[in-house]
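Shown next, in structure tokens, is the structure this report addresses.
By letter and in written order, the chains are A, B, C, D, E and F; residue numbering begins at 1 in each of them.
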Amino acid sequence: MQQVHVEAAGDAVVAPGELLAEVERLVSAGARFTTMVCLDEGLEFEIIYLFQKQTLELVNLRVRIAKDEELPSISGILLGAVLMENEIKEFFGVKIINLVIDFQGRMLLEAESPKTPLLKVKANSKQPGGGQ
Amino acid sequence: MARVTFPFGPQHPVLPEAIQLQLTCEDERVVEVLPVVGYMHRGIEKAAERNPYSHNVFLCERICGICSFIHALCYCELVESMTKIKAPPRAKYLRTIWSELSRIHSHMLWLGLLADSFGFESLFMQCWRAREIILDTLEMTTGQRVIQSTCTIGGVRCDIDSEMKPEVHRQMKAFKKELEAIYPVFARDYTVKARLVGKGVLPKEQAWSLGTVGPVLRGSGWAYDARMLGYAAYDELEFEPVVENGCDAYARMMVRLREVVQSVELVVKALDRMPDGELAVTARRFPEGEGIIRVEQPRGELVEYARGNGTVRLERLKVRTPTFSNIPALLLMLPGCEVADVPVITLSIDPCIACTER
Amino acid sequence: MGFLARARVKSPWILHYCTGGCNGCDIEILACLTPLYDVERFGILNIGNPKHADILMITGPVNWRSRHVLRNLYEQTPDPKVVIAIGVCAATGGVFHNCYNVLGGVDKVVPVDVYVRGCAARPEAIIDGVVMALQKLEAKKSGGVSYAAGAR
Amino acid sequence: MPLMSGNLIKNLFAGPVTRPYPVAKRRSFPRARAQLLYNPTGCTYCGICANICPANAIQMKEDRESLRINRTYDSFACIYCARCIEFCPNGALKMGVEHLEPTDRKAVMRTAGRA
Amino acid sequence: MTWPIIVAVAAVLLAPLVGGLLRGLDRKITARLQGRIGPPVVQPFYDFGKLVGKSRVVSSKASMAWAWSYFLLTLTAFTLFFMGQDLLVVFLILAFAGGSLAFGALSARSPYARFGANRELLQILACEPILLLAAVAVYFQTGKFTVCSILEANQPLLPYLPLVFVAVLIVLGIKMRKSPFDIAASEHAHQELVRGVYTEYSGRFLALMELTHWYKIVLLLAFIALFWAQPLWVGVLIALGAYFLELWLDNIAARLRWSWMLGVSWSLGVGFVVVNLVLLSVVV
Amino acid sequence: MSGEQLITLLIFLPAVVALGGLVLKGAAAQRVVFVPAMVALMVAAAALALQVLPREALTFTPPVGWENVVAVLKYALIAYFLYVGITARNGLVLGLAGFLAVLLPVVQFGVLGGHVAVEPVFYADVLAVIMCLVISVVGGLIVVYATDYMPAHEAHFKLAEPVRTRQPQFFFWFVLFLGAMNGLVLANSLPWLFFFWEVTTLCCYQLIRHDLTDEARGNALRALWMNLIGSVAMVVGIGLAYNSAGTLSIQDLISGGSAPLVLLPLALFCLTGFTKAAQVPFQSWLLGAMVAPTPVSALLHSSTMVKAGVYLVLRLAPGYADTSLSLLVALFGAFVFMVTSLLAIGQSISKRVLAYSTIASLGLIVCCAGINTELALAAGIALIIFHAVSKGMLFMAVGVVEQQIGSRDIEDMDGLVARMPLLTVAAVIGMLSMLFLPFGVAFAKWAAIGAAGALAGGYIAVVAFLAIGSAAALVFWSKWLGRMLGEVPVVADEKKPVSAYGSVLLLVVGAVGLSIFVAPLVAALIQPALSTMGYSQAFDVSGWHLRTAIGVFPPWALFLAVTAAVLLPALFARGYRGDLDPVYLCGVNVNGGSVQFTGMAGKPVLVTAGGAYWKQWFGESRLTPASNWIAVLLLVALFAGVVLR
């Protein structure tokens, strides 16, 4: 087989409200979920959805939401995303709603573990999040 | 109808690692599976933000002791892309060799565990015995058996010099001989096939849409392997992914088995073609901006994302390991199987919980 | 030495549990069972059930969730028993010293009798550890002191 | 199908491959990294190793009163990565190829030098 | 009347020794087949002694009681066998012994033990018909159902009952808990049911289980030896051969599922015996 | 009293008491009447036994007038069945009853030419006496039990409107049943036999529909039409028998040598027996009968109704000895034994398990009759006795359990021993008596396998069926037994109604006692029964053991050994005062207990441990259709073998 060379990932910023429609579109075009990355940007979260096309290159969808805003889950469309969404919910406290399987913030963390350990700045405050 | 609900794991003799499957069965048929994870979660992503970025090579290696070299490789390639340096060609070949060696050791380990999970003890022993040859090679060339700590940002830390080379060749030959004795047992033995064929079926379309990776994906007929992307020296080694179309546990096993054969060839090829030159270059600045890297682990595609801000610490390191992507498929494959098949199907995705939970 | 006392050190059955390490040490424990190291020479069996075990081989830095499991397994193992902490992360947390979810060592949860160093611990080191554990086991009497009252 | 039989027969007649470990020890590979050897007399207490150690196994603390630097090395935390050796300017550190003995208690190694 | 009693007492006393040594040999040979050194041959006795010395862990009173019943019933069957009594009686009691093992496992609230118990019952379902039919086959040859009659017969059974012998080998595999039949409590422990019926037993109760197992295996091997009782030493050799055949099988096969086991023992096992009997009654 | 009087008493006392029961209201009144009556019945049966045993047999022919009464009643019965068929709009009942209504006169007047005198009408040999004892003792105890059960049943069960107690009717049919059964087993005249046969069918029908729910009515109709098939076969058989042998006396028929022409009516009578004994493919009526109150089930399964079926097959055994019919009866019985035992594995409803086990045991008895050697017949008779005692007791025990825990599902009987210790232990002994060796049922199995094994040829298949079936029986009993003995954290809360417990415990004592004294039992009852039936002695009972020509059964030694093996550990464990440790739950027990484990999201999850039923192997949907067809084929073969001979 030929080596596949993948050029730089395609990037697109979408509004939270259009997320589901956009994901639907990508999926119907044959793309599949790779992963999600959540970044704490102070007042907002930036969440990157990485998709892989059948030609193997990556497509990124970037969503920015305020810290107390709700984000619809894409697990209804792509079951494969459910663990990652739970993880982000648990690590950052992102309010992801309509999860297909909801671990209620207890997927990886035990009751005694620090809460939202990867959150750096809490919503409406400047205090650092968990993780000592 | 009478139901049995019980925990399968976290401590369970067929599971080398801690994960719980909360199983509900009717008779011996599994009707519901819930994953209970978190027994191996350490918080490496956070620690990676606290450490100076160069420490993380060693931390990432210890995400998992089975696929540790490639974790380090991935992190190094990631940082290299963010600090705009390139590892020298000899380092690339060495990285390839060690990647493939650790793939062999991981696959042999898995083949053994699989054999053990269906009660074929002597086959387990045979696999692990063969695997020791690879571990010897690794220890000889890097100084450690399972965690090599030999990849570094900008290159590698030690060399396979001309003295060692024939020895590695010899060991590859010895391994190949052992492998040839094992191969037909896995591929054709009646009892092995009885336990694997038709178990844990994952149809081709589903394998794609669920986002499975690695042998799970390739066992369902998709020719995708991150090594096709051509990192390290793979673009110069005429790599072709191994594909099987059975979509069941047997197909996944065959993918891995054939990959072992392929990896041995890749090691030999890389050894022969390895150019001379220096082993590493040093980075002159701190990582900045974003980077995404995909590499192929034994269990499938590993994706790392990092964002740097020009300081010695990264702002975020995200590791998406292959097992993380394969677990949803597992949850779809288990319902409807028999209790006796649970270990086999679970192992058929080669779950690595240490990787998954980081 | 009476037959029973002799039997105790001649037939150690191990239970292996990973409390959140990286697997490196776990696969080395498994490697000990395989032909090249073959700890069955010493009568060792990897039994997989705490109720049948004499030696607990614990790896990993212990995270908050596996802490409960470890405790439970320890309590379910009948006396006399010994605990071997394998790998440096089972001793102190090792490379995971600054991860938020780890307690940093098996001895934070249950008393440890033998530490085996290495990251990953080599099979030879693990065998040495077992040999040392057998000496400890010999010293312990069944039904004597209850070791259930661990550290924390 | 008895496909495994060939292997078994071979094993039976070739004899066990077991390395009788505690009885006979195999020579370690020269590159093996199994213990960290430290030569305090060669050390200048520069602190590089402590900074560079990914496991925080080496720690340096300055004692203002006695004007001394306390260096501790914890072999129960060291991951034997040999990074400190790579960076030590004075060659005070070396890797040993023999693994460390098991112990029943933890201890750290303390040395001190002039600031 | 005294001779059978002497034989039986001697057998009861010697069986643990023989059984333990056979287990030790089994482990040693298995190790050698796998290219390992393996434990010393007397290892099972060490294991036994170790288990006896462990502190007591019990999860249910009833399972304590049934453990002893398992032992005593097996011992009863064993004694009756060596006293030369009725084979049907021996095998029926052996089945009840298996039943008590299952009861013991069922009485703990452990899902694993209960799964194991159910599978143990399936094993009885697989073995029992073959054994009963084998007794009938013995009758066909000797005109009696008793063990004595086999010893008194003037030619060996094996040439006339070759297929019955094969079927009994299947039973031996099941009772030895070896691959491909080890579904209820695997000898090598790394199976889905943890230790199946044995999961909740520990310490001296596990030792008791082990001891019972030895008796059971010796009993079965003795039955196999009877297939060539003129002279008996040939039979003993055959029994040993059968034992090692099972070992070999264990090492070249994966563990299969209960449905396979049941299918094989009913179709091949029962089928073989029936075919053998039919042939016998047609030819004779 | 003379034998004649005793026979009359055994038949008429229940009928009279039954009529008396119609006017009785209230448990106390019932008890006052029924308990002495039942005791009288038992005494009468025992007295008859004492009279019969020293000689060959007792005969009795009532005055000729009775013959006409019986004839009239016969037509009345059939008319009633017709009426049932019409009102219930049930085509099968209607058709069969209608056919019978035509057939009976045709046979009586066409073939028999009006009235045929049979000498004697009643023939009380040892076999009949054994049956009488079983019916009177076990049946009587069930009546006593019912006086406790029925009030509770009515209180618990909301009767269909209008709410009015139906207990008088219940006891009427119930007690009448016993009389009819006594008549049935004592009858030697085929027309009389037919009459009693139809009375039992009627009683059974009435009792099954007692609760008047739709299900009860439906199942009662099913029982009716299936039994009517047997009736038709019997009437045809009677006609053929008279035609070919010229007699309507059973004794004459079976001792007349097995002329091929007599075989056909015998085969028809066997078919009649199979329908009544609910053998596959007729098993569904007995399974459906469990909608009735428990005493009914206990009665149907233990001492009456189904036993009539196997009694008939056994009674006729000498008639078809050494024929192909014998082999096919054995094959059929063994097949039923195997397949219903396997079916029982797949059931979780306690009464269904019991029902399948009954059918299996009956199959075994049928098989014994078919094997037709003295050892097999001894086994068959022993099985009738032991099964009646154990099964009656089990049904009664299960009935009480059902009333107290409100479920008949085995799954809900987890750890019953902690909740209802006394009854559970009784039930466990009952199960063990169905299963463990020194007890009678297993003894009979041993004898049956031995007997079948002793015959070559087609009997090899019989042995194979028996072997698989007996293993299957072990499995389904064990699953249930283990479940009841399980450890669950509950406190005992056991109500102990006197009559119910009393009769259960009496039967427990009976089951154990009979098993201990199996050797005297064999010597005193079974061997004489064999010799009156024309067989030689099966056992040498002179020594300690029961010695047959081919094997030994040491009841005393076994009893000692097995009792020691089960009882001693139980006592030892009872005395254990140490702590109980939690079970292994992969390290995630909640609070170190055995009840819950930590599951998803840290939530405690209850460990449920349902039983295994392996439906894909032993489920009804998997096995029933195939086994029905095979049974039908065997029946066809049975007739083909007889006709083609």
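What we mean here is this: contacts are C-beta pairs under 8 Å (C-beta built on N, C-alpha and C of every residue); 3 or more make two chains touch, one makes a residue touch a chain.
None of the values given here were measured: they were computed from a predicted structure.
Peer 1: Can you name the chains that touch chain A as well as chain E?
Peer 2: Intersection of chain A and chain E contact lists gives B, C, F.
Peer 1: Could you tell me which chains make contact with chain C and chain E both?
Peer 2: Expected: B, D, F.
Peer 1: Can you tell me the least number of steps between chain B and chain E, where a step is a move to a chain it touches?
Peer 2: Between chain B and chain E, the shortest chain-hopping route counts 1.
Peer 1: Between what two chains do the most C-beta pairs come into contact?
Peer 2: Per chain pair, the contact count peaks at E-F.
Peer 1: When the mean CA coordinate of each chain is compared with the mean CA coordinate of the whole protein, which chain is closest?
Peer 2: Chain nearest the overall C-alpha centroid, as shown: E.
Peer 1: Based only on mean CA positions, could you tell me how far chain A sits from chain B in angstrom?
Peer 2: Taking the average C-alpha coordinate of chain A and of chain B, the gap between them is 24 Å.
Peer 1: Determine the centre-to-centre distance between chain C and chain D, using the mean Cα coordinates as centres, and give it in whole Å.
Peer 2: 21
Peer 1: Give, as an integer number of Å, the spacing between the C-alpha centres of chain F and chain C.
Peer 2: Centre-to-centre distance between chain C and chain F: 60 Å.
Peer 1: Taking each chain's centre as the mean position of its Cα atoms, how many Å separate chain B from chain D?
Peer 2: Chain centres of chain B and chain D, defined by C-alpha means, are spaced 27 Å apart.
Peer 1: Please list all residues of chain E that touch 2 or more other chains.
Peer 2: 31, 33-38, 56-57, 111-112, 114-115, 118, 189-190, 194, 199-200, 251-253
Peer 1: Where in chain C do residues touch at least two different other chains?
Peer 2: 17, 34-36, 38, 41, 46-51, 63, 65, 68-69, 73, 76, 94-95, 98, 100-101, 119, 122
Peer 1: Can you list the residues of chain A that touch 2 or more other chains?
Peer 2: 106-111, 117, 131
Peer 1: Which of the chains are touching one another, listed as pairs?
Peer 2: A-B, A-C, A-F, B-C, B-D, B-E, B-F, C-D, C-E, C-F, D-E, E-F
Peer 1: Show which residues of chain E lie in contact with chain B when the two form their complex.
Peer 2: 30, 33-36, 111-112, 114-115, 118, 179-180, 182-183, 186, 188-194, 250-258, 260
Peer 1: What part of chain B is in contact with chain A in the complex they form?
Peer 2: For this pair, the touching residues of chain B are 34, 37-38, 41, 43, 45-46, 208-212, 223-224, 228-230, 234-235, 239-241, 292, 294, 301, 303, 305, 307, 315-316, 318, 320, 324-325, 327-329, 332, 357.
Peer 1: Sort out for me which residues of chain B touch chain E in the complex.
Peer 2: Its residues touching chain E are 4-6, 8, 12-14, 28, 115-123, 125-126, 129, 189, 191-192, 194-195, 338-343.
Peer 1: Using the touch definition from the top, list the residues of chain F that touch chain E in their complex.
Peer 2: So the residues of chain F touching chain E come out as 417, 435-437, 442, 445-446, 449-450, 452-454, 456-457, 460-461, 463-464, 466-468, 470-472, 474-475, 478-479, 481-483, 485-488, 550-554, 558, 561-562, 564-566, 568-570, 572-574, 576, 578, 580-585, 594-595, 607, 609, 611-612, 614, 617.
Peer 1: Per the contact definition, I'd like the list of chain D residues that touch chain C in the complex.
Peer 2: Against chain C, the touching part of chain D is residues 16-22, 25, 34, 54-56, 74-80, 99-106.
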